[in-house]
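In the two assemblies presented below, chain A is common to both, partnered first by chain B and then by chain C.
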Partner chain A sequence: MTLGAIISKIQSSHSYKRASDQLRYKRQTIAEWLPTLPGLPYLYISPFFILFGIFLLFPTVYTLYLSFFTYLGVADGNLFEIQLGAVEIAIPRIANLEFAGLSNYERLLLRDSLFHRSMYNTAFIFFVQVPLMVILGMATALVLDAKFIRAKGLFRTLIALPVATGLVAYSTIFLLLFNDDIGLINYMLESVGATAIPWLTDGFWARITLVIAVTWRWLGYNMIIILAGLQTVPQQLYEAAEIDGASRWQKFRYVTLPQLRPVLLFVVVTSTIGTFQIFAEPYVITGGGPGNATITVVQYIYEQAFLQFNLGYASAASVILVTMVSILSILQIKYGGGED
Partner chain B sequence: MREDTRNKALWKFGSYIFLLIVTALVTIPIYWMVVTATIPQSEFFSWPPRVIPGTYYFENLAALQENTNFIRSIGNSLIIAISYTILSLLLCSMAGFAFAKYEFRFKEPLFYFILATLILPIQLLIIPLFLLMVQFGWTNSFLAVILPWAANPLGIFLMRQNMRAIPDSLLESARMDGATEFQLYYKIALPTMIPSLAALAIILFLFQWQAFLYPLVILQEPEMYTIPLALADLVGAQRVYYDQIMVATSLAIIPIFVVFLTLQKYFIKGILAGSVKQ
Partner chain C sequence: MATIDITNLRKEFGDDGEQIVAVDDVDLTIEDGEFLVFVGPSGCGKTTTLRCIGGLEDVTEGTIEFDGTDVTDERARERNVAMVFQNYALYPHMTVERNIGFPLKLSTKQSSEEISARVTEVAELLGIEPLLNKKPKELSGGQQQRVALGRAIIRDPEVFLMDEPLSNLDAKLRSTMRTELQELQKELSVTTAYVTHDQTEAMAMGDRIAVLNHGQLQQVGTAEEVYRSPTNEFVAGFIGSPSINLFTAAVDGNTLTGPDGFTYTLEDTAPLEGRDRVRVGVRPEDLTPVSDGSMPCDVTVVEQMGNENFLYAEMGDIDLTARIESRLNPAEDIGITFGFEEEDLYLFDPQTSSALKTKTSETNVDYQQYVQTGNV
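Moving on, here comes the complex of A and B:
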């Protein structure tokens, strides 16, 4: 007999069938039993949580801790050692610190004029940039959403292109574009008879340059979000308004705007958080100058922490920044969110 | 009635003009980058400036490469961004799968706890992360840049939301067929999640590709520089090589543009994913 015939004979035998049925049955019961296995979901989530704990949770808590200390230098010794039989666990000290109480906060809030300057600059960018971008993004999205516009895809793609540019990459473009002497912008201004603007050498204009740059980078991003929001406005509302003889403005004011409220709130909150975190743009385009006229809070934190190694002091500044942004976002959500 | 149609025509005309102006303002800087990257530095200072791209791109590229070894930075950026994306996709999809399809103790509190950390900005973490990496001896290593945000709160949120759509009956029948629990994850959950994974991959890749502040703190050796660091270094140089800066900028931007144009659907899905209301 050939091998194949032997195998088929075994498989057709009664005892083989019973064994394989039993095996299948076993598998099923195992499968039923497995999902309730207490450890399994934890196996799935533990890699995430291990990294999450080490690199996100611990640093957050440690920043708060560090903000009450003065940093003296890198530490060598261990914080504590535990002897568990043959295993020895040693937690190294992260840094040499000296307790400073609230003095970091006191100095930052009351006496550090450069910190106040950076706060002012950041707030300036926030107050000018966020309304400008929300209005521009809204207008662009509304126009693109109109029925009669052709080549919508092309326009949308072109306006959204900056979304794909890196922060430093686009900043270098703006650095050269707004160069006082050889930049394209001043050339165009002069060629139409206007006077050149000191984009980077005057404090006020340098801040405006940053506002323009940030708006350029994020306009398409916000436009896409608002466009998606516009798709969710029920068409019947417009039809009903039209029957009532509503004008274009009335339709916008009483249909579009209220319906778009959650989306606009999202845009405003994320833009707020974004403007308070600005770093790459001033770092590349203005270098914080002229005369600290464009230094932002994050830039100040970077300089304090990594150029002067005042890590405790810089941590306190981070905590103040995050607290401020959180309060601002909560206020926006509270007063901008309406009933929901 | 005639007044009305004239008004409408005027409105249409105005809308197109507005759209054209916005589009021009957005695209001119990019076009200008292409022009300046393709002409020699000597013509850069000519007055009036050039408006038509030249043919000097590869000469500028060669000068850039000689000056800064920019190709190495591209390689560094690719290694960091790709391994970060893969690692983070793996962690987020696994954890998201558990949160979407299993019951376990502390499931809800754990999930909402992660969501709450979505608001924590990078700046809050940079100082302790730096100290941590000094302790680990990981400064100037790719690992120090890749690991910290691999456990991405936004990623786990998106994965959990999307994986809830996988029908339980599908998983059940696979279990009946004898699939192990881990096979359910990589043979059923992952393949059905490819569009969401692609959208998340784009978010993660872009985040790492253009990360600046944290790599600036961690990677101090020029050989380890990523593209943004190398670019910033070029700008900060004593003599400003405009042509080289623009070639470098084009190298940083154009590949992403190509990806953007081909994967636009996922890009937009990714942008919108960040704004989903629960």
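Moving on, here comes the complex of A and C:
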């Protein structure tokens, strides 16, 4: 007997029905018995706002605040105190700060060549990575969507599996695979007569290595999204196009692409945000090297904040990063979204 | 324009394991310029037949020819057919103008100006010129329907295929569009295959009607032919609204008897020869209440339609429907007796269900006597 059969047998039994009825009556009784307090719905939705406030809103606002200060160290004493008779409410100071005005921004934007370097590296990865991701994601999704492909589920799982791997674990594997001297990739290249590529020791190739790693990991995720989008395209549009005389390419051009537009936009925007946040891969695979050729913005922020404790400066860098990504995303949505 | 010859058409779905036969050995010729309507219940194979003609389905067996040219293995885009889909299948991201012009853009080398001029011409014909710059989602169902028609007619196709094009419209618009479609088809005189499940629509629109059931062609004929001379019980039951009354009766010489008090004596006994049972069919419109009729019934429901009344009654276990004058309005739960003329009687073989006798009442009454010469 299958599990489903057992479950349906239990559910059709008399005692099960009686028990579930009892439960339903109890629930209904409680619902009747509960007082309807004014504002009760707000109580029900309050957990979200409390958690959102503590873990998202406060850090965001505090980062913005921090970016105008220089961090001097952990603070003692209170920010302010309220004396209410015997009770005293006190908000402790978080940090010892010195107001710096816009000087953090001024230094970052105009004078910090390492920050500029990290911006350039990140932008490089963005410009190579996002088009590559969209094209490959589209291509794999189209192949898996084709009628003649068998074992679709297996291929889909295999391509999507890397998403589930640990960041550091997969980065370490890439570090080994792409090692200039002992890596499998160069071994294979040399064994077919090609010259070895300085994957990790040349700045350009090191960035390419990062692009390959990120693509390998996220391709499946984007493919599944595009595949889901492909499956929502009404079959009749393809039939109408066929009747109207469209070739395979024209069907793709005039039916598939416009229908996929919102899905592709989603992939582009999330990939953009993803590449601007890239951290673990350069941290593990290249360590930002060679010679800062792969240091990314988030990696730079990490170093400033948690190695050198320039919290105010790192906050300002974060604000710049968020601003840039926001502008990019807004532009993408504005020019990629059509009028819908 | 083309004559369509369908020979031994068979279409099976499903591979290796379970085969579903959607279309089973259909033979049919659609004449040049004819409006042929495929009609039948859900799953009878009418849409599949249409899609086979259009090339959207591969044919399992048989051939399809356009004007003597075998197109069975040609792709849809090579057949020069145009199709109107049930949900219109307009390209949502294109304006009405681009939707209508799309087939020309893909299948001809006409310049943008030529296409644009032709689109305007078609839009004028259909009365949708003011909508040319709108997107499909801004249009009502009827307007979308016209755009879909525009896209179909712009190329002067050899064949129009229409798959329940009116079924998404409300009743009033449906009857308007019905007339418009017919006028358009007559004007363009393009060979048209039209699918519907609505027998009224089929009767009203088709030059001829092809009735399908379980993938098999039951009968092809004009509305009058399928109504008056159905080849079998299925066609008799499917055509006509409300449906024909059908029940089994025993043959006793020249008399049909029972169930439940039914007796009827035939003058012409030829159809009864060698049979002890027949299926009897009488159309609701042929039943009249009489004092000593052959069908004693109890009235269950009276539906007043204004111009007439539908009377639902029970003769024993058998449900009967009668269309009677609106001024006859019997109370529910009373007994009433119906009679009918022998010329209106249908008889079917109880085993094969093929027709033994159909309507023989007079048709083609001379209308010349009513024609006023001054009006012609």
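By our rule, the second predicted complex is superposed on the first by the 303 of 340 C-alpha atoms of A that agree within 3 Å, B and C clash if a C-alpha of one lies under 4 Å from a C-alpha of the other, contacts with A are read in each partner's own complex, and residues count from 1 in each chain.
The rule is short, and it goes like this: contacts are C-beta pairs under 8 Å (C-beta built on N, C-alpha and C of every residue); 3 or more make two chains touch, one makes a residue touch a chain.
Model, not experiment: these values are computed from the prediction.
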Quiz item: Is the arrangement of chain B and chain C around the shared chain A a clash or a fit after superposition?
Solution: fit
Quiz item: In the superposed arrangement, does A:245 touch chain B (first), chain C (second), both or neither?
Solution: second
Practice problem: Applying the touch criterion given at the start, work out whether A:73 contacts chain B, chain C, both or neither, answering first, second, both or neither. | Solution: neither
Quiz item: Once the shared chain is lined up, is A:234 touching chain B (first), chain C (second), both, or neither of them?
Solution: second
Practice problem: Return first, second, both or neither, reflecting whether A:291 touches chain B, chain C, both chains, or no partner chain. | Solution: neither
Exercise. Look at A:254 in the shared chain and tell me whether it touches chain B only, chain C only, both, or neither; answer first, second, both or neither.
Key: second
Quiz item: Which partner, chain B or chain C, is in contact with more residues of chain A?
Solution: B
Quiz item: First (chain B), second (chain C), both or neither: which does A:163 touch?
Solution: first
Quiz prompt | chain B versus chain C - smallest C-alpha distance in the overlay, whole Å | solution = 8
Quiz prompt | Residues of chain A at both interfaces, chain B in one complex, chain C in the other | solution = none
Practice problem: Could you pull out which chain C residues touch chain A in their complex? | Solution: 54-56, 75-77, 81-83, 85, 87, 89-94, 102-103, 106-107, 151
Self-check item: Residue numbers on chain B that touch chain A, as the complex places them
Solution: 11-12, 15-16, 18-19, 22-23, 25-30, 32-33, 36, 44-45, 47-49, 90-92, 94-95, 97-99, 102-105, 107, 110, 114, 117, 119-132, 134-135, 147-151, 153, 156, 175-176, 178-181, 185, 206, 209-210, 212-213, 216-217, 227-229, 231-232, 234-235, 242, 245-246, 248-249, 252-253, 256-257, 259-261, 264, 267-268, 271-272, 274-275, 277
Self-check item: chain A to chain B touching residues, read off their complex
Solution: 24, 27-28, 31-32, 34-35, 37-38, 40-42, 44-45, 47-52, 54-60, 62-63, 66, 74, 92, 94-95, 136, 139-140, 143-144, 146, 148-149, 155, 157-170, 172-177, 182, 184, 187, 191, 216, 219-221, 224-225, 228, 248, 262-263, 266, 270, 273, 277, 279-280, 283-284, 298, 301-302, 305-306, 311, 314-315, 318-319, 321-322, 325-326, 329
Self-check item: Residues of chain A touching chain C in the complex
Solution: 234, 236-237, 239-247, 250, 254-255, 258-259, 261, 338
